[in-house]
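Presented sequentially are two complexes of subunit A, the first with subunit B as partner and the second with subunit C.
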Partner chain A sequence: MTVTEIITTMLLLASLPFFLAGTLGLLRFPDLYCRLHALTKADNLGLGLVVLALIFQADNVQQIIRLLLTWLLVLIAGATVAHLIARKARGDGHKHWSRQ
Partner chain B sequence: MIDLVLAFDLILMTTLISLAWLLLASRDLFRAVVLFIAFGLLLALAWTRLGAVDVALAEAAIGAGITGTLLLVGLGKLGSAERCRRTPRPTTFLQRLTPAVLIGIIIPSVTIILLLELRQLQIVSSGQQGLVLSLLDISGTDHPVTAVLLNFRAWDTLLEKGVLLLALVSIWSLDQARPLFHQEAPSPVLKGLSQLYLPILVIVSGALLWQGGYAPGGAFQAGALLSAGILLAILGGRSLLPAWYGMPLRLLAGCGLLIFILIAAATLLAGNLPLQYPQELAGALILLIEIVATVSIAVILAAAVAGGHPAEISATEQQQPPSSEGTS
Partner chain C sequence: MAAQTNLWSRFTLRLGGCLFLWWVLTGGNTLTSWIIGVPTIALALWVMQSVPQSENQQLSLPGLLRFIPYFLLQSVRGGIDVARRAYSPSLPLNPDVIDFPLSLPPGRPRIFFLNSVSLLPGTLSAELCDTILKVHVLDRDIDPGLNQLQTHVARLFKHPSGGNR
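Here is the complex of A and B:
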């Protein structure tokens, strides 16, 4: 294994807990807003680490730019979609979860 | 490493089959549509694993993206009462299967059949490959898939454009397009997103179109991306000028088929078979067809999502049929 392969593996492994946390949050959190929060935050960081891991395997600058652009676009789209879902849910009268 | 790859393929196949079962057996139609989109994306991954990147791109963009959007829009028109299949509706064969039967018998057997097929495929796959590759330098393109789709078997692609157009004509004959997305003012965040993404989608679509000349890509994938851009622009509150509803929109939708037929007629008049391009013009003709087809596919797909024919020009105040642009 070369150094870059080890770095890639470490980064990929580091991304797994974020995806796991996001999935767990999606399944277990009490209301829609919490689930959205878990999903977008965790997936963004997890994907960021995957992109970072793949950058170490890229052949040229063009590929690196494409990978970074993919991450950036997913970040923006994910945040926007989360906002839109939450906005619609709020308009439809979804209640916030509280401890009572 | 081989074992890891095999494990990945096995997990992928098992997930695909389970998803297919779940979405067919789902009583909640919304859930079924969401599962269908997930199924499409995983299917794209499976195509990539088979080395068919072109098909994977088309599956992700059209199979999951545009078809998913169409289904969601259709679901929105159904109303909440019909979305759940609880009302008397014969349970299908698939719904009667218990998960135990599925996991125990069906998934393993289908997976094994697919695995056997896959091994067969690797043996057979070289079938026409040599022939196509040996003719590649007279085809006018450097990508074998594009050479087959737009030169050797261009007739099929012509008919495909016809099918798309026919689908749009059918949709238009059913209903008038109603404002889909404008119950309330679009969120400013969505407006910002559409402003940011529209140019990016146009550029990427152009790149994908150009890339079809030497790598996986081409008119269908580029057109699907462009139509996503158009839909995003509509979601962001833009709309087409009423003057465009009539002839211009119909011309844009029809031009993909039209250019194909014109070129077929021209080659026929020149004394060749229809769509048998002169060798030195092949590259230019393929590029021309691809560019026109991309715009036309984008317009057709976006108009299909609008769900009906555009309003008459006199009554256009409330209507929001697809916007379109000729920037590609």
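Here is the complex of A and C:
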């Protein structure tokens, strides 16, 4: 294994706990708003690590830019969709869960 | 005259952006890809011209260079924070919805701020009511640091509330 392959493997392995955390949060968190937190933030970090891992395997500059663009677009889409879902939920009168 | 120059610089920027994007997407090795590329770019420019134009807002380069590391660090913190809460057996959550008064102008700076909030640790923009942003926080006892983010965004968009630095 070359050095870049080892770095890629380590970064890919590091991304796994975050994807798992996103799903775990979706299942465990008490209400819609908290679940959105888990999905946007944990998965974005997971994807960021995957993108970083793949950058070490890129053959040319275009591939690196393409990977970064993918991450950026997912970031924007994730944040926008999370906001739209939260806004709609508030409009529908969903109360947020709170610890009494 | 100034408006005319502005229009031209915007067009040049868009054309450059499209050419660059096509080069990135196709790998840039095949000359034949431009047979599809040139009409596509022309179409894209026409579409951009037909949608309502926002004010030509210049970004500050130093502002951007300061924002990127700040944002990356905060995203990592945000991901780790929410992962820790999801894994913890006791589910350490104490959510609340707080009101955050915005000093950023409407339009792009505000939308940019809104989306950045959702990627920061423990905060989610839930609703925009005029100049108040309703933010859902995972832990009401932790200061979400939104003022710092607002200063960063103001600097990025060269808004006076970001200070002169």
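Just so we're on the same page, the second predicted complex is superposed on the first by the 99 of 100 C-alpha atoms of A that agree within 3 Å, B and C clash if a C-alpha of one lies under 4 Å from a C-alpha of the other, contacts with A are read in each partner's own complex, and residues count from 1 in each chain.
One rule holds in what follows: a contact is a pair of C-beta atoms (placed from the backbone, for glycine too) under 8 Å apart; a residue touches a chain by one contact, two chains touch by 3 or more.
Just so it is clear, the model here is predicted, and its values are computed rather than measured.
Student: One more residue to check, A:7. First (subunit B), second (subunit C), both or neither?
Tutor: In the superposition, A:7 contacts neither subunit B nor subunit C.
Student: Counting only touches as set out at the top, which of subunit B and subunit C does A:83 meet: first, second, both, neither?
Tutor: In the superposition, A:83 contacts both subunit B and subunit C.
Student: Figure out whether A:58 sits in contact with subunit B (first) or subunit C (second), or with both, or with neither.
Tutor: The answer is neither, since A:58 touches no partner chain.
Student: Check the contacts made with subunit A and report whether subunit B or subunit C touches more of its residues.
Tutor: Between subunit B and subunit C, C touches the greater number of residues in subunit A.
Student: When the two structures are overlaid on chain A, which partner does A:74 contact: first (subunit B), second (subunit C), both, or neither?
Tutor: Once the two structures are laid over each other on A, A:74 reaches no partner at all.
Student: Subunit A residues touched by both subunit B and subunit C?
Tutor: In subunit A, positions 76, 80, 83, 87, 91 sit in both the subunit B and subunit C interfaces.
Student: Over in the complex, which subunit C residues touch subunit A? Could you list them?
Tutor: 23-25, 27-28, 75-76, 78-83, 85-87, 91, 93-97, 114-116, 118-119, 121-122, 124-128, 134, 136, 138
Student: Which bits of subunit B are touching subunit A when the two form their complex?
Tutor: On the subunit B side, the touching residues are 184, 187, 189-190, 193, 196-197, 200.
Student: Write out the stretch or stretches of subunit A touching subunit B in their complex.
Tutor: So the residues of subunit A touching subunit B come out as 73, 76-77, 80, 83-84, 87, 91.
Student: Contact residues on subunit A for subunit C in the complex?
Tutor: Those residues of subunit A that touch subunit C are 17-18, 21-22, 24-25, 28-31, 33-34, 36-38, 40-42, 44-46, 48, 60, 62, 65-66, 69, 75-76, 78-80, 82-83, 86-87, 89-91, 96-99.
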